[in-house]
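In what follows, chain A forms one complex with chain B and a second complex with chain C.
Up next, the complex of A and B:
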């Protein structure tokens, strides 16, 4: 087993700070027991995690609201969220360095939010078990039988057929949040045993690459023509001018206009619409999308910042 | 008796008029009175803060410029600060997990690391209050370019500057150098923990 060591051994002097703020409850999961759980072995094979100990994966599947008397994934999930946010942000910031900050934030959220991660958990074959300790006792099961399932306390309880009770508080959670939390915890477990470089590969392979988001659909501009004018002024380009490139059926009920927006001789964008104004606006949006979705070949491109209007 | 009606007209000379363009000399000046892009001495405190970590002068200047300055007409530090804050949070959590393993029995750690440290304690390490203190200690206050409605230097602007330096090192020199920058300059030189601990006690 490889230890991941950092250059911060000097921080051991700060152990009083860290000891005072450590919160953990439950007993440890024994490796010998976790290794015999078929669901955990299946998860190891499915995600190519054979080098990750079974007890760490079993712990990743126990939510903070679980009634199992084992250590849970609260801390791991928190750490995993930090890892996921950083790597998702870094991925998109290097790929599209000119994206506005609010679009970047939205994009990172699309990939790392609980509903998005819960979808991954379903694809990975993680199955929930929200039975109470009494329910397990009545079924003649022990805590060890709950290992391998996603253990949590659901905030929606069926009191009787057709009637559901929705609870609130920190002792219960939703299935989506529990699923998302376990994915974050698995990412943290991968980091703990493989280190930063390999966890980046894992995040890229299992979280970022399988999901595709159409960036042109999530970018909206309130004043595109004005924003384009400010952008051209900032970048030292000639002011943008819209020109009509083509038209059809001007006096009919289904007119189509094609407009282009130019800075000097350089064509910045093109758009079409049922009126001259719509075509001009769409051309400006097209030009702005071309600017913001620029993807450089080098990874150390630093953007000056989005346009302020 | 005849009354003579008189009217007194007075006018105030306004510095700017609505609709007219401001002169660059009016808005391209920092609160400390330095004209953008600054004098040769403007970057000196930032270079001292960076230590052995080299960045190009335009990038250092970008780290010192807040989005509020000159209505975003010059490169500013918003996105550098964004990625820098994420990296700083990650490194603080990593450092705490690695160094806090003595706070737990060995069987509760994961590969010798403690992931059960309170989130408040880690968040505070990278909070605006702590980073603002570092910015002040590094003597960067007078070199910042910003404009706020009250012309008051807030902790948020200072914190963004420190985060922006982390982000700039990350994008310019890669993650290994950025982690080393955080460990050497922020954790050792400016000791995040010693600044954070009294703040945590005060907030508790």
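Up next, the complex of A and C:
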């Protein structure tokens, strides 16, 4: 027979479940305390996050390895990571629909990896405070004085001048990971207080748009000429033909050739090199880059997929 | 796989594209409670500090009482600190220096040799001798 739980029993069961399944350590940060920390207020205004409560921002700055007796950003940063990679992937999938999936994934990684996010944290003026709890105690500081700094335990500790001890394990982390983690947590706090639509705007304004990545640099082609001819066959175009457009000093030590690759009357790409073969290959790479980095004006473009050779 | 993804060497973070984050994050105003050179600074702090701090909530203001000449120090997001000594200056002059610290980008002062400096590739492209019409080409 199924036992029906009363409200009190249900609540007690719920709370024991929560205790067993959440790893929340430390006490919550009070809004009245967090609001009075000047660093947090300044961060709020610098990032135009005035509507995000100060306690949420203060929590985002406390890493899982922190020795402060406050709740940390472990859960927030894990959720923020998912939000970030989802919106970055969506952004580039719509912008460059012809990019192969592994290149797209790699591109998203350039924007959402920990070192990349740590750069953002630095730009936002987030500063670390990695003193131990003993160090803070000796300088007569309380836990509230650590709010507003990025709080974490560094894995590199200076034992004596000139000698560093590198620790491992889950109790310590690197500065880059802690900085990146707090950016993820801030994204999650923006989601929690503004909702899905506005977090997308925040991610695009503060994470994606400021970064400039040269997209022609992220792809390498192993057999460009062959790939181009397969591509032309697939798209129902005439087979590509390389033609010499200009040359200089063929029999000298510094010869220059300019080759173009044509499909019928259409010029697909152009490249220059010190040998005929190099110029031809560069022209094919140029044409393939033009194909893969196509960006449509309408957003509902569906691509035929990767070229298989 | 014919197309391979390779690590990007130089990706640039451009402040101001998408969103602008104010580079000056903290300003420390140091004054001496006794010295004559801090007279103007003491007056400024007494009368205008609240307005100055309220006008720029994105900057964290610290006031430090220490013996010596009065000093304004700005800390920037790129890790640079800029310090200006404001001894024997009146509040108006100090305010000018404060505005300078506040509006600075935190980069070292340098002479710009070109009218436009950009990380973008040139739209026109590199000049090539092969793309000039034949009749205009240089002939030996």
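Criterion: the second predicted complex is superposed on the first by the 287 of 309 C-alpha atoms of A that agree within 3 Å, B and C clash if a C-alpha of one lies under 4 Å from a C-alpha of the other, contacts with A are read in each partner's own complex, and residues count from 1 in each chain.
Convention: contacts are C-beta pairs under 8 Å (C-beta built on N, C-alpha and C of every residue); 3 or more make two chains touch, one makes a residue touch a chain.
Here the structure is a predicted model, which means the values were calculated and not measured.
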item: Partner chain in contact with A:103 - chain B first, chain C second, else both or neither; value: second
item: First (chain B), second (chain C), both or neither touched by A:32; value: neither
item: Chain B versus chain C as contact partner of A:304, first or second or both or neither; value: first
item: Chain B versus chain C as contact partner of A:139, first or second or both or neither; value: neither
item: Which superposed partner A:170 touches (first chain B, second chain C, both, neither); value: neither
item: First, second, both or neither for A:254, with chain B first and chain C second; value: neither
item: Chain A residues contacted in one complex by chain B, in the other by chain C; value: 105, 306-308
item: List of chain C residues in touch with chain A within their complex; value: 1-6, 8-19, 21-22, 25-26, 57-62, 77-79, 119-121, 128-131
item: List of chain B residues in touch with chain A within their complex; value: 59, 62, 67, 71-80, 82-83, 86-87, 89-90, 93-100, 102-105, 107-108, 110-121, 168, 170-172, 175, 179-180, 183, 187-188, 193, 196-197, 200
item: Interface residues, chain A side, partner chain B - complex; value: 1, 3-12, 14-15, 17-24, 28, 56, 59, 71, 74-76, 78-79, 82-83, 85-86, 89-90, 93-94, 97, 101, 104-105, 188-189, 192-193, 196, 234, 299-308
item: Chain A - residues contacting chain C, complex; value: 38-39, 41-42, 44-48, 100, 102-103, 105-107, 110, 116, 119-120, 122-125, 127, 204-206, 208-214, 217-223, 226-227, 245-248, 256, 258, 272, 288, 292, 306-309
